[in-house]
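Next up: some structures, all given as structure tokens.
Next come two complexes, and both contain subunit A; in the first it sits with subunit B, in the second with subunit C.
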Partner chain A sequence: MARMDFEVVVLAGGTSRKLNPLVSQEVPKALLPVANRAVLSYVLELLEASNLKDLIVVVEGEDAALRIGGWISGAYVDRLHVEVAAVPEGVGTAGALRAVASYLTANDVLIVSGDLVTDVPPGAVAATHRRHSAVVTALLCPAPVSGPSDTGTSGGKEKAKKPVRCNIVGLDPTRQYLLHMATGAEVEKDIRVQKSILRAVGQIEIRADLMDAHMYAFKRSVLQDILDQKDKFHSIRQDILPYLIRTQLNSEVSDNGGIKSESGMDNMSSQNDLRWLSQHRAIAPSAFQEPHAFSLKLLPDARRTHKCCAYIAGESKYCARLNSIQAYSDINRDVVGEASHLSGYSFSAQNNIIHPSAELGTKTTVGPQCMLAEGSKLGDKCSVKRSVIGRHCRIGSNVKIVNSTVMNHVTIEDGCSIQGSVVCSNVQLQERVVLKDCQVGAGYVVTTGSEHKSESLARK
Partner chain B sequence: MAQKRGQRGASSSADDPEVVARVPLQAVLLADSFNLKFRPITLERPKVLLPLVNVPMIEYTLAWLDSVGVEEVFVFCCAHSQQVKQYLNQSEWTKPAARLSVTTIESHDAISAGDALRVIYEKSVIRGDFVLISGDTVSNMSLAQALHEHKERRKKDPLAIMTMVIKHSKPSNVTHQTRLGTDEVIMAFDPETKELLFYDDKADPSQRIISLDKILLADSPAFYMHNDKQDCYIDICSPEVLSLFMDNFDYQHLRRHFVKGLLVDDIMGYKIFTHEIHSSYAARIDNFRSYDTVSKDIMQSWTYPLVPNVRYFGCCSNMKLDRQGVFKALDVVQSRSAQIGAVTLIGSGSTIGDHSVISNSVIGQECNIGRNVSVHGCYIWNNVIIEDDCKLNHAIVCDGVHLRTGVVLEPGVILSFKVEVGQQITIPAYSKVSLLPQPSIQDSDEELEYADANSGVIESPSITSIISTRNAELNSDYSVTENSGLSEVGISGVGYIWCSYEGGNDEEWRHSVAPIPASKLAELSHDYYEDPDVSYQEVNSTPVSGELRPDSEITGDDDADGTDYGDSADFDKEVEATFQRALTGVNQENVILEINSLRLSCNKSHADCAGALFLSVIKLGLEAPHSSNGELYQNTAKEINRWKDILKHYLKSVDEEIEIILKFEEICLEIATEFSPLFSTILSSLYEKDILSEDAILSWASEKEGADESDKIFVKQSERFITWLKEASEEDDEDD
Partner chain C sequence: MDMRRPPRTVSDPKVRQVGFVTPSPAPPTRSLSDAPTTVAAAAAASASSPPSGEISLPGSSLSPVMIPPPRHASSDGRPSAPVAVPNPASSLRRDSLRIRVGSYNASEVVLGTPPSASPSSRTDNATSEFSEETMSPWHGRSGTAKVASSFPGSSGEMIVMKTSVGGGGGAGSTPKSPLTTASVVKTLPGISEKERDVLMGTQNDGAGVSKTLKEKTTKAERRALQEAQRAAKAAAKEAGAGVKPSAASGSAVVANTKQGKVVKPPSQKKDGPQIAPPSGSSEKKVVDRPPEKDRKKDVPAPRMQFDDKHRVEKAKRRAVVNQFEAKNRVELFRHLPQYIHGTQLPDLEGKFFQLDPMHPSVYKVGLQYLSGQISGSNARCIAMLLAFREAIRDYSTPPEKALVRDLTAKISSYVSFLIECRPLSISMGNTIKFLKNRIAKLPDTMSESEAKSSLQSDIDRFINEKIVIADKVIIRHAVTKIRDGDVLLTYGLSSVVEMILVYAHEVGKQFRVVIVDSRPKLEGQVLLHRLVAKGLNCTYTHINAISYIMHEVTRVFLGAASVLSNGTVHSRVGTACVAMVANAFRVPVLICCEAYKFHERVQLDSICSNELGDPDVISKVSGRQDLNHLDNWADNENLQLLNLSYDATPSDYVSMIITDYGMLPPSSVPVIVREYRRENLWI
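Our next item is the complex of A and B:
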């Protein structure tokens, strides 16, 4: 999309601690399979669909970078032009950007988190950004409802299903401008709204049901300045974005030389916009209010402003981030379930995907919203419900798999029962193993007859 | 069928109690604003009877109540109650033909709206939902929908006890006040239910952050925050409101105490809802600026049908509306050469002389305006005489005022009843002139509005004074100067110039009828543009983001820490004060208790207490008369001996003992240098009295080993003592 003059940076992260034991040296977070595709592929294909083909992928850790680079060049060799950059671990999202900032040249930069699974077109965010000539535009989506979505066995217990509090967001009445944002620990605290912003707009809508989806469009020059000047900024979400939001009426970012000329016009227009927002719907104008308006015009426009915008995804759009084990299960379930258009597979009449090469024993049933990848074999009298099973798995007889994700090359012997669990690649479950709400790390062997509940099993 | 009928029967019987219990819609009208904003005028006449476009304010309120179907009004009068009663008795409202039944309730000790409502509760006249309004409200809104909403809500949720009427009105960005001159109100409410969640009408201007309790988001995923809503002070209340005022006898102000109390303290889960009006009008005359704004609105017919040329009020119905919003009574005598500009009203029987120019003003009845007079933006009440060549600019001129030739009123002047101003006199801006002297004791509590004017009798001025021109004594109290020979023109005037309330002078422009001066605006907008810098720095300095800490999960309670360090000296003082009480004979154990509670409230450790106590003890020693170091040592040793029990109470471990030694060092270096030569002697006596242990002294010494030379003076001074200690302990070891 050269016309739009957007550069894209995908922040693919490294091996997230939160996702242990699912991730490992061999499988960094970006390569975790979601419905048998690496999670990063969802972002890459989304960008490809928006015709954004020149990408920079930033990975934490040299090893992970090599693996991800290898995977991308294999999978997207003719389709995308990707440069993979490695940054040290723990530099944060701002640090990752700092490492590549000097290579950016376009007017605007689109920054996408590599763990995003969504069908919101990045083009829409980019267009909003351009339309308002904003400094930053963030994608906001309805906060995910955690836990099994429908009448699962544990559904009854989770009656109090509440959207997770991810952010507290303040929006103007038109819901285009971002006026307040609380993230992280602040979400649980009292809401602290800047009076000057409320005064400028008159009305702020405070919402707790929106999530910052980690897809941002930034004005490149501003982003580079902030990264340069604020060398303590560590994270986009917790530092850069809140900083831009709280200084929007008193911008510091466009102060220095080079940008001034180009952003002078923007400042004017943005100020007018906020003023326009705040305009008094004069129901009863009296002759005596004139001096107010008049004086405002008299004043030199001493204050610079910049605009922070939001693009709010519709309710019908799917948007989730793979940033916890719960989210991993949820996304796997959704991608073969309610958000099946994301998976890229075509579903059978039974609303499931069974690869032609998969083998099913007698009296074995695979329910709707399931996936069975190539080369996997199931024995007799097995039952699979709302689960994803990877490639070349060997599954014995009388095995029950419900609400679970089984990765590749997993051996499950007879009589096992797996519920609400994630089983990583090359795991061996011996006979009559019972797992409930467990995570089993790659290569682990669960011994005969053992039962586990809400445990995380991994090789030492 | 039978069943159906039964059902119908049941439902109708269910309705029945309502029908029986249907009470006429009632209203409580507060004919007292319980503030001082209309002084000095309100010293002589109650605010509700002041003319607003030539009609007493209470007429507007009563007319509105009548129009929205209120059947019974209880007028609560307090200040000047006789005048209010007298007025009502003569008015149309108390005639038998009136639809509205008006009852006055009188009380002389009420000093706030809260007191008024308590009086009304005690009369037990309110039987159902009622409209609570103050007698200075002008509105033309239809109440039906708000009332319906209120009743529906009440059916579903008996805790919904009040519906507040609000209206869009954006406060100025520069002055932060609305067009009515009131402060901005910050409200938050639920977008769906319109439940009021937050209300703040006295926002601290220095506070740049509005902090809302996170509980607001506990139940609903979203709410709206507004500063562009104006509170119309029209409330639909349920009878519970009155009993709440009874239960909480400290509630005075309707908003500041009642509404905030309900929202913040969450009393019995009671809820307040809002009803926003869009196209209709509602405003309360809170101050002179709103008086001005509402007057203009009335003349521009925003309050239709409550406008001068509609036969709504018995009087002034003979108004004729000309072009440009000029209302003129039919019998006005106007010179051909006089010009009457836009948005002006001239009451009946007034005469206007040659070449006079009048614009944006209201002239009352029977006024006599001479030649070459210019009147701009003024409110001239009845029977005013303005002689030739006067210039009036944005002033309020009350009944019976007499301005002699050439008087100039600068913007914002208030001339109260019957004031006379002599020839060629200029009354400076924002002056208030009254025949009554300014009450000498200005009670800062604004709730006490008419407290000292309750008599309701107009006193005739005891001193007649002459206002001298340009006298610079404006700022001195009672700037009453006998103008005997000062003024060569020999004119006379009657009245006192009130000086501004203390500190109120700066704020005078805010609530005046005069427009805000351009210079003031420029100054304010300068602030407005400059301020945010500070605010952002403040914001930046508090680690709301992870700017200073990589993972901002630990954002924090820095406030608490900050006070800790800042208060350390204060804490010492507090402890000392407590300790001083111990000297005067308070039981030692009580002292310990008090110090403990101090410690908890200041969030201090035992070590801090020990240090502070030690300081106090040492100071005692210092205070006793002494001539030599030896005497000082004797005194101090005595005091230490006397108080060692308390000291020991706080010396639970070696750490606290070290703290004492460090404190002692600090004392010797900074607070009382007299002690520095005595350091080692006192140290050893502390050791002898078992206050300090050997371990503490030794570890202090070893801690200091690595310190700078300057820090080590006392260690060196005590070197001998320390070596002795070391040897002693070694000997002990050997003994073992």
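Our next item is the complex of A and C:
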């Protein structure tokens, strides 16, 4: 039996267009290094720490699936039991689920996005889900503050603005139920709240500072029904979740669906026998048990409702999704900085990580919240601040690297200055290159003396 | 006298646990005087003297206290004249230790027997013998080497003992039970009298006394020996071998002198959790033996006292749920668990996948208890049963294990998890007892799948018969008490009362409902909402207005979490107040309660057994953000908030209890508990 009757699906995505030029055929999004570990490893290790060792990883694209599968089997052999499923590109998250839905058997399914970097225990979401017998439970976390945090040094202060508006979320006064969710383009539009929901709850709290972290717990039977019946649905976030929220007081899934007939829910049938007891609130829970059970009046048939719940992560938890280039730099910085417990490395007294095999020239300084992976060499008089440098990089003298991410096997020649940029693997920066807020795609060669600002450089 | 005594003895242990004992006339002394034994005479005098002289304590309370002293006496080893008996058991003497044990036993016998004896007093000699015999094999099973060794010696004695007992029984009509008890008691008191000083000072002396004691031993005494050995072991564990005797003696002495402390020594002895249950149960068994059928009703292990730091620490280490104890606790309620609210749930949720042995449905119910989503004893009980049902369905016996044992252990672990989430209600305790009993009774020949399905159908039947149908019956009964024009008052939210009101409305009775509510839960609003939606004529008020509104009321219907065998009603806090006011206004108070919630426990107050709610909720007033004077109250050491969950309504205020067996006066509760439980309730 699946642990606690939960199965886990990790949606690892494929090669996201948003992350060009960082991702490529060789490096699908799930394998992007964050603090020199593939981003997917953060999710996998989070799940492993929660004792969830049977996973299904869904990847878009055969190539990417092969690569990710190979990487997982190398890195997690004997630790996790992972099945990798490949789906065609562009089917969306709902499509990806559709592909694996028939393999799911447990009562509930935990769906995690592969680009999530967090320390929120998945068990908390699952437990909330279970406790409420909800149809779906979403993890909401405080929206990340984009741009370098306040403690950051020079660069990019202007970017440290308001939190990004990711979602508009409507919650009931106890903040347990999800009553409204606007995502994507809808965020900019007017908010339309259903009257029936508002009437049932009495009060609705609209929050713009919460982000949907893409960790969901679904009731499997409902999820499968929706996937079957609504073949137009493309994405969990934009289609399935809003649909469930919209119809929670007029459910089309929870009662006519297969719930009762499914195995594992004998409970329900025995509860039918107990219908006489339906006045016990807990036995036949109405949608909202809050002090005034308004919903009872509105909904004589409580069975036509289902519950959409939210688990709101505490302020102290770190939670971010790698879904943009900005997010990539932010997460890299946070993982060696404020959320350093996520990285799994132990930091030196200087609050940085320098691999013993890395070589530093004279008068070279590596500041706090930096990371220098194995085999990298720095020349003389270099300065590295709040940056991550990958494996086997060769860096000349008089190089300044600030607020940047440098991946593996990068050659940086003398006199370069890199600020707020992402330099992918196998890039060559020739002498005296100045980069500011740039992204350099894999294998690109930046010629001597060139200066770039806010550009995306990649091989055509 | 006999009639009076048995109930008291039964009730005593429970009351004692709590530490609240209302002094009652001392029966032991009386019994002593009654006992006409030859041996007794001198001893009796001595026995009677200590209680009267030293302690004003009620005799009933004394019995627990007395236990330790006998041991001292025996350990002292001074042969007491009254005790002296031809002693065949030389083997016993060999070890000083053993001897001590023996003496200990004697003392214990006193302890164990008086209560046991008194109930048994009704029964004849045969029963007592029988009980003893049964006892001995039992001991042998559990037994340590020591016990075993002592047995052969004692076996010879046994016969002697029996005969002596018989003689004793013959002597008096009441006598019999008193006899055995008397001898025991006498040994103790005699010792104490002669060498009270000795007792106080040294207790480790020779075992001469003990030997003599042994010689006398009746079956009861032998039993006592076994118990004593066990207790001695426990003590040894507790205080190291060398220190043991002194410590024990010390405690005993203390016990003699002070009642308050008297209560404690036994608990200390029981420190080790494993040790405690057996000793407790053995004592119980002694009590229960005569009525064999009742034996299953083993007295529950002593409740955890949360002011006992040592044990709390221990429990914490075992606990699944991280519990942070609240700081400012009201002194009188220290013995109840209270945790900082809001820390448990997130912690437990975070561990969702990490708790291995827990079945998901049990976990879910635990979370729901913890978050308050399920409340009300019927709902909690049903939710628990359904969870167990699922757990049983998914259960498979591991290889090399027996279903009966393994499943019982599983259920126990589930129960302890649920207790961590929220203390059990009495009804749940009864239910669990039922389930475990069913498991234990499964025939060995039954296959696993059969056993599982039989258990599942048992659970279904329990829910159906004991709750669902019971509710229906209660409603039928209750409706006959509703007349047109009545004004019915109810308090809080009781599912049965709600169903009664709705049903009465449906059958066309014309009545009005007054719903009394109280902060902080305001459960009455839910009831109000539902009743109004169904078209009932309602009045809603808070409990502060109870004396005003009671004028117009003609009946009071109340629910109950439990009804105890002295007729006390254990229910949502505030119920007692409502019942009392109703009583003052001569309004009949009808308690609606399913019989599965009845419990043989006797409770006189709501202090010893209760539940503490979240203190924060009483400091906050919803909708009044400006009333924040009590914010951060936890930082103020001088302030303690008390949010009690239950109270005890004395039976004086209860006119009638409506149950599935009919409508009874509160004084009939013990009958239901005794008769129906045995024959019917446990199916």
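By our rule, the second predicted complex is superposed on the first by the 401 of 460 C-alpha atoms of A that agree within 3 Å, B and C clash if a C-alpha of one lies under 4 Å from a C-alpha of the other, contacts with A are read in each partner's own complex, and residues count from 1 in each chain.
One rule holds for everything that comes next: contacts are C-beta pairs under 8 Å (C-beta built on N, C-alpha and C of every residue); 3 or more make two chains touch, one makes a residue touch a chain.
On a predicted model such as this, the values are computed, not experimentally measured, just so you know.
Look at A:Val193: by the touch rule set out above, it reaches subunit B but stays clear of subunit C.
Once the two complexes are laid over each other on the shared chain, residue contacts for A:Leu52 go to subunit C alone; subunit B is not touched. In the superposed model, A:Arg130 lies in contact with subunit C only, and not with subunit B. Of the two partner chains placed by superposition, only subunit C is touched by A:Pro122; subunit B is not. Note on subunit A: of its two partners subunit C and subunit B, the one contacting more of its residues is B. Residue contacts after overlaying the shared chain place A:Asp5 against subunit C, while subunit B stays out of touching range. Using the contact criterion defined above for the overlaid structures, shared-chain residue A:Pro242 touches subunit B, although it does not reach subunit C. Shared contact residues of subunit A, touching subunit B in one structure and subunit C in the other: 279-281, 283, 289, 291-292, 296. Contact residues on subunit A toward subunit B in their complex (touch as defined above): 92, 163, 168, 170, 184-186, 188-196, 198-200, 202-209, 230, 232-235, 238-239, 242-243, 246-247, 249-250, 252, 278-281, 283-284, 286-289, 291-292, 295-296, 298-299, 302-303. The part of subunit A that touches subunit C in the complex is made up of residues 1, 3-6, 50-52, 107, 121-124, 126-128, 130-133, 266-267, 270-271, 273-274, 276-277, 279-283, 285, 289, 291-294, 296-297, 314.
On the side of subunit C, the complex with subunit A involves touching residues 346, 348-354, 356, 358, 360-361, 363-364, 367-368, 371, 373-376, 378-380, 382-383, 386, 389-390, 393-394, 460, 463-464, 467-468, 471-472, 495, 498-499, 522, 525-526, 529-530, 533, 622. Taken together, the subunit B residues at the contact with subunit A in this complex read 167-176, 179, 184, 186, 188, 191, 203, 207-214, 216-217, 221-228, 278-279, 281, 292-293, 296-297, 300, 302, 342-343, 360, 377, 515-516, 518, 521-522, 525, 529-533, 535-536, 539, 544-548, 550-555.
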